[in-house]
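What follows is subunit A paired twice: with subunit B in the first complex and subunit C in the second.
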Partner chain A sequence: MNAAMALIRFTFAEVFHHRAYQLMMLACLLLPWLMLVPMSLFLLDLGKVLADLLFTVEHMLMAGFVFFMALPLMARDIEQKICHLLLSVPLKRSTYLLSRYFGMSAAMLPLMGLLLLSSAAVFVFVAYQWPDYTTMDLAWHVPLGEMLLLLPYLALLGVLFLIVVFASGSSESMVFLFSVWLLSWAVPPVLEALMRPEVATKMPHGLFVLVQGLEYILPDLTSAKLSLDIAHAQWPPPDMLWAYVCEHFSYAAIALIVAMLRFERKDLA
Partner chain B sequence: MAWHRLGLLLLLIPLFVWSHARLPHIAGQPPAPEMTRDWDQRSELLQGVLAGPIPGFWADAAVLNLFNVFDVARHTTGELRHRWWRELAYLLHEALSLDPRFRDGLRLTEGLLGYEPGFTAEAVDLLEQCGPNVSSGEYLLVASFLAHVELNQTERALRLADMAADKPDVGSLAQGFAAKLLLEQHGCQAALAFLEYRKSKLPLVYADQLQARIERMRKDPECRQDVPPANAPPEIDLPKTNAWETGKAS
Partner chain C sequence: MLRVEGLGKRYGKHWALRRASFEIRRGEAVGLLGANGAGKSTLIKCLLGLLRPSEGQVHLAVEASYLPEQPQLPGALSPLAMLRFKCAARNWPEEWAESALQASGLAQAAWERPLRQCSKGMQQRVLIAWTLCGPDSKLMLLDEPMSGLDALGRAEILSLLQARKDAGAAILMCSHIVPDMVRLCDRVLLISGGLIREEIALSDHSLVEAEMLEESLVRWQ
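Entry: the complex of A and B
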């Protein structure tokens, strides 16, 4: 247990001392205020536009973290056999993977904390400055929404571990992770369009069942509807939110468990 | 050797500045759209795929792009103008299909597309489609006005005004407008019946203005002479749910 905690702290410190990570922390503080510039170009829905911009900033920062900080670190561990050093503590392979995962997840929290504080502050400012064009509710709606939007990236981090233990190196990991990310971006709207009654009625029954099955099993990491509702200060019903949270934690857990099973048997020599 | 590199660098900097300044978006002359883009189901699907997890931002970007297009479109004439306005309509469709509650998109649909010859019907379609999604009824009321004044579709205008009357912010205005439409088309009795119907959907505390309007109509000499038309009052597709009872307007 102590060794696992030590590795979590070590992973956090390793990420934290990266200059790129410190720049990301600065970006989390400054970008919400910079978003006031594009927001001021709009006419009526200033609060909604600012929320959209902040969610986009969050997507960029979190995707940047997973692709350019977490992935190189894990790929290097396995490719350059640095994990041998850590496993000789001694540490179980599965504990090593879990500790690395929790360490990286913990490293996302300071970024999120700064982004939440800065977002809340910028919304309070906007609500005082232009009270007719936004609502003070967004000052807590949007930070809560940002916390929910972190979940897809925790799931993506789980998928990253799964890919890294199967892939032969960092390039392959990058290609596969990018493909998963792109598919989770592009596939849900297509499936949703195919499930519409006017399209579904024209589709052969077998194909419709296939599409239905695909929609059921494929991960939807986009959370597009959620961000749109929150930007309009409308919360989805609690049971839907609960399902959303469970769904993303399940993706992360499934990916990590399969990764651990594979890593136990991986030839690291 | 270092001097050669420095000389080459000094030559390349003006070349870069010269070429960059001639790019269309820097020179302020965006190229006219090569071909018109019509909004259809495929466009909707494509934009949904491209927008991915950020449909709100994608809708915002379409509206920002629209400002540029409008800036050029208003100074052009003839076939070119039509092409630019088609592009503008495409961007509005894009913004509102991704975010049907986006008030900037609805406001621009009303203000720009609604009054451009040849695009009014499209604007009314968009407002009718997206208007029910926003809490304000102003867009439905505008759609009703456009349908009546610009398209001469009174039945549709009545339906839209009735939908607008369910929204608390323009309720009385929409009722007055719908009553006027009925008065013009079907006479006083139909207008009175409509106002009575609207009154029945309001809590009594909010119905004073409406009652006053009904009283004024009843006292109007023209209305007194009005004989109920031979054909019965129009069959208006009035909504069955009451917004005040369901709590939407609370």
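Entry: the complex of A and C
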């Protein structure tokens, strides 16, 4: 347990001291304020527009963290023998992977916290400055929606670990992770469209079952709709919310378990 | 402290290491000498379990500390942070991190400096400190420990390893540098094509023995 906690702290410190991470923290503080510029182009409810823009910013930052901080760190660990050093402490291989995962997940929280704080300040500013254009109240559903958006990136982080233990290096990991990310954004909406009654009735039964199966199995990491609905105070049924939370934790858990099984048997040359 | 019996590692049809058997006792230093690709690093990684051996057995009586060949260290962290992590993971007192850095000869001004700002030689000393950190009497597996060090640095590290050896540590060291091996080791295992070809005992650590080792190395190339 000590070793695991020590590696979680070590991973967090490693990410935290990285200059790129410090720039991301600065971006979390500044970007919500910069969003005031594009927001002013819309003659709509400014609060709603701002919520939408903040979600875009959050997607960018979290994806940036996974692709440009977590991926290079893990790929380098395996490629450049840092994991040999860490495993020689000694640490179990599964402890090493899990601690690295939790350390990196923990490093996402300060980014999230800063973004939430800065967003809240911007909301207050907008509501005070332009009350006539702001009907959306500042209730807790906006931060909740923003926090739920973190789950797909925790799942993506799990997938990253799975890819890294199989891949031969950072370039290969980058290509595969990008493909997973792209597919998990692009395919689910298409499958959802195919499942609509007007399309489904014209489809052969076998194909429909296949599409339905794919729709259930394939990860939907966009999460944009559900968390954005919540941010706009449009509550989904509770079972849908639970399914969303469980789905993403399950993706992360499955990816990590397979990664651990592979890593246990991997030759670290 | 370490006993190896018929250890081998195969990649597909190619044997990178075959039928390696030897023993290292307390307070003994053994060198692994061979050309690039001879199987030295494969042997050390099999001992540590980083590579799964295809045959044979390894018996470790004590915990081993390991110095990998030229790893890239986490550039954002300081040497002290790295060593403190090792102490925290093992529940050792934090002062051991400072003692190990002190012993490695790394200037105190560099202890808190990010590793990316440290020279290659300084980073090598951090790795040496990593290996030294911990109880005195243990097994040290060193893969090219002198890499990146100048002559003075090498002499300092050799004295340090000698002191550890005198304190009861067992050392297995891979190196290309014959004089360093002659100075520290009691025995040298000459490895070529994945096989241990010769075991040469060193008694007086003289230039003559260094020449003898070099001749053997050339003979088995």
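One rule holds for everything that comes next: the second predicted complex is superposed on the first by the 260 of 269 C-alpha atoms of A that agree within 3 Å, B and C clash if a C-alpha of one lies under 4 Å from a C-alpha of the other, contacts with A are read in each partner's own complex, and residues count from 1 in each chain.
The rule we apply is simple: contacts are C-beta pairs under 8 Å (C-beta built on N, C-alpha and C of every residue); 3 or more make two chains touch, one makes a residue touch a chain.
Note that the structure is predicted; figures quoted are calculated from it, not measured.
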Going by the contact rule set out at the top, does A:82 touch subunit B (first), subunit C (second), both, or neither?
second
Can A:40 be said to touch subunit B (first), subunit C (second), both, or neither?
neither
Return first, second, both or neither, reflecting whether A:129 touches subunit B, subunit C, both chains, or no partner chain.
neither
Classify the contacts of A:186 with the two partner chains as first (subunit B alone), second (subunit C alone), both, or neither.
first
Between subunit B (first) and subunit C (second), which does A:51 come into contact with in this model arrangement: first, second, both, or neither?
first
Is A:168 touching the first partner subunit B, the second partner subunit C, both, or neither of them?
neither
Partner chain(s) touched by A:9 [first = subunit B, second = subunit C, both, neither]
second
Figure out whether A:265 sits in contact with subunit B (first) or subunit C (second), or with both, or with neither.
second
As the complex stands, subunit A meets subunit C at residues 2-3, 5-7, 9-10, 13-14, 17-19, 76, 80-82, 84-85, 87-91, 265, 267-269
Quick check: in the complex, which residue numbers of subunit A touch subunit B?
38, 41-45, 48-49, 51-53, 55-56, 59, 152, 185-186, 189-190, 192-193, 199, 221-224, 227-228, 231-232
For a test of understanding, state which residues of subunit B touch subunit A in their complex under the given definition.
41, 44-45, 48-49, 51-57, 59-60, 63-64, 67, 99, 101-104, 107-108
Within the complex, subunit A is touched by subunit C residues 42, 45, 48, 50-52, 63-66, 68-74, 76-77, 81, 85-86, 88-91, 114, 127, 130
